[in-house]
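Each of the two complexes below includes chain A, the first together with chain B, the second together with chain C.
Right, the complex of A and B next:
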């Protein structure tokens, strides 16, 4: 199987490094243990005990928050610019009940999420079928690829002026920008998935006289599923980032808007609270799609073992 | 010789022919619905001719307080500052985390905590801290590029072939030799993947940062075009951003191929 150069290039760049680390964590620990068994000196020097690692992890976090707290509490940086971690936590809780620029934190988040879901679902609904069809029909690939390759290099945020021009301040603006962010990974990964379907399986299906519809449902879609879901995960992340960018510039509510207003009022605690909220929602989205990905990959892993 | 033959074959490939035909068709269609018939009003979508005129205007006379080359130099400068500092600080940190369990245990929780915050969300904080100048943009670009370069270098070391590590151990390589001869060459493909992601993130962040506030640069060109409702200039700015991003990615690809001569060229 040979992908055309450019799309292959992107596909490779979306290998998930975090999953590599997670997968190799256990293997490396086992390897070290095996080595350690060979010589007593290495048992002392080469392997770090699990409790030590936990202590180091705790120490890392304590160092991070400690430096932050010290710099803020000792007034090295004025409290206006760097509030203590505790002050940020208080502000975060405060924002849950007291509205800031018209809405509370969860109301801002909710209006952001609505836009986000619209943009991302639209990108998925258009991008995945397009990518699959590009992988299936060569003529479509030849027609769409050059356009796609040209437009892909425009950063999603660069669509902001046109979003404002075409949609004004309505919901369409942010949705366009989220779409611009989430669309490419959907297409690329669905394309890759469709191209990766084993030729032999297709031949076997044809030989067995399956109808085209059956081939698509029974061979193409299940074969492409893992790559598609991996693409959805990347798309969800990029969409979330584009949403934040869009709301920083064109919006009158939402979590990004809240940050801009906090910035204008030099209310650093509010800005940091919004960052925490953005990080938490982003992490939850990634976690959910990570679970979905593991679920979609379960057959594949079993087959490989 | 081999290269010449390859390019000669690709010139006649159906893919390239189709690409040219498609792009030409789309350009013609674009011209037909905007300039020729006026089906879509010029305030919504400029015609290719308008775009060309805007390009000439910004290159010769200048627009938004500068000529096109000044805007480009400003933006490329910021991206390079942020990207290079992120590479220099991120790759060694990632390599260190990859080869030492202790370093991983110490640093990884902080990364896990900070990673879900998208780089664009740092922009307001950077503005509060450093104002609207170049420093705030470089800080945000640095952060945007830092995370992928650390994580990919980290994963690159982890992705090393275990048999290579065992062979190195068996042959009794010293630590420095191991790093130089096995670890870095083995991790290079992933490191470059990380750098490519970093570069993309740098450009996105730069555009966002300059849209929010700047006195010069491609993002400022975008903002000014949208304030003046000058869609042709917006298109010029968008295309320039895309072109610059593409050129830098190509350049990085060339460096990648140069630094890994043992890998077969694709």
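Right, the complex of A and C next:
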């Protein structure tokens, strides 16, 4: 069942966090339906074997690269704009050792990752506690919600001009833009997770005399953990996408910057190499967070009463 | 000293525009270290009574007070044992019991001592590191009771604590609760719809009318229990065979039965 996870990722590319949350819910529902369908098909004796599924994945990739290669080899599109897959792969390997606009591909990636981590970790560190506390303190909810509901509709890319004015090409600009992308899902998911914590547990917590800090840290956070981690995963994806957008404009190094320079030099292979690197790093980030999610859920499956 | 007083308490729920009267001018006093059970047909507001004392709900009129102080919020001086246990699924048995002690800033060494005492009392030894979902319902409720007792509360509030348990487990838990509460008396308010349970456990049984909930009758069990020395029997079935027990049980059952048929009439009238 690896394949559908990738589809989730695509579904998350939507920039509006509420619809993301809905999509996450929808994805869970879809997952349940798939499970139901799977057991139904098993009941009918029609078990789809794992190897068959892998073969389907491979077939998809082969078809994609096949069409690409055919289109490029047949010169349907000039090689300048559509190099063959092999040419892109060669350029990709070449970029690993030969600097382009000052840095090699890994150096650009590393520079991007540093900004990315700063922005995303900041968004998580502020967003999750804020969301949880909004789920507990009604007054905070009322203070923050109107502001948040307005600001979150400003797409990360729409922060670019503002970020450029404030920070120029220094690190602050990309960090602000990544923050703008990653912050809303952190807040929204933590808030909704906190709201969904079993009312009886909150009553028990108050009965036990827990302080507000203890309730947030030891009841709301673990209770909301599934939603929080799902939110972190969405935030990580959105942050990574916002980063590349940010670097197209406000940066002097990084993978986005590399793409802009590649475009200026009409070096399509470089642009595509960078795109592939973005996709690969994004997939690795999502994979890591998927593992984290599974780890965070290890006690949960049977804990539902 | 922990005296619970209901002073002319009413509670109206207003979900839609029509208000539902859950409690209608209830007055009741529960003495220090007295075990009072409230029985009544479902929906008679008996759980509301408990939640008012717990500070999880508030009366629409009248006052609920503990030791003369009006109940304003929930607190560990009024420990609650919930029907659905309400244990924290991400905490072990030990941590669940520990949480309330940590909240009051008890030192770690003292906490261990207290937790061990109450785990011992509830026969939970060896399950310190288990998570709630790894335990049976009966064991989970033992943890919840240990957690409540560990708070050293003046008042213990039990909301149909054995309602979610199977019959055999329930009997064992009832016997244990008698053992524990006789050895460590607290002011207990125990909500149930099981008549036998109320007679077996309580000093006094309060019978409530069906909606709107009023106090219909209060039966003094304790003098009968002491006169007939029920406590010399270890097993609940031996007590339940005694003539004195049967008489009280039948009396309460009839009293409740009238209410049930009242409730049934209500249902028939509404559905007609």
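Everything that follows uses one rule, which is that the second predicted complex is superposed on the first by the 232 of 305 C-alpha atoms of A that agree within 3 Å, B and C clash if a C-alpha of one lies under 4 Å from a C-alpha of the other, contacts with A are read in each partner's own complex, and residues count from 1 in each chain.
Assume a residue touches a chain if its C-beta (ideal position, glycine included) is under 8 Å from a C-beta of that chain, and two chains touch if they have at least 3 such contacts.
None of the values given here were measured: they were computed from a predicted structure.
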| item | value |
| --- | --- |
| Which of chain B and chain C A:259 touches, first, second, both or neither | first |
| Partner chain in contact with A:155 - chain B first, chain C second, else both or neither | first |
| Touching partner for A:81 - first (chain B), second (chain C), both, neither | first |
| Partner chain in contact with A:244 - chain B first, chain C second, else both or neither | first |
| Partner chain in contact with A:178 - chain B first, chain C second, else both or neither | neither |
| Contacts of A:289 with chain B and chain C, given as first, second, both or neither | neither |
| Partner chain in contact with A:72 - chain B first, chain C second, else both or neither | neither |
| First, second, both or neither for A:164, with chain B first and chain C second | first |
| Chain B versus chain C as contact partner of A:271, first or second or both or neither | first |
| Chain C versus chain B, contacts on chain A by residue | B |
| Residue ranges of chain C touching chain A (in the complex, touch as defined) | 54, 56, 73-76, 78-80, 82, 84-91, 99-100, 102-104, 131-133, 147, 151 |
| Parts of chain A lying in touch with chain B, wherever the complex brings them together | 4-5, 8, 12-13, 15, 17-18, 20-21, 24-25, 27-29, 31-32, 35, 48, 52-54, 56-57, 59-61, 64, 81, 142-143, 145-147, 150, 153-162, 164-166, 237, 240-241, 244-245, 248-249, 256, 259-260, 262-263, 266, 268, 271-272, 274-276, 278-280, 282-283, 286 |
| Residue numbers on chain A that touch chain C, as the complex places them | 198, 200-201, 203-211, 214, 218-219, 222-223, 225, 299-300, 302-305 |
| Residue ranges of chain B in contact with chain A within the complex | 14-15, 18-20, 22-23, 26, 43-44, 101-102, 105-110, 113-114, 116-125, 127-129, 151-152, 154-156, 158-159, 162, 165, 169, 190, 193-194, 196-197, 203-204, 207-208, 211-212, 222-223, 225-226, 229, 231, 234, 237-239, 241-243, 245-246, 249, 266 |
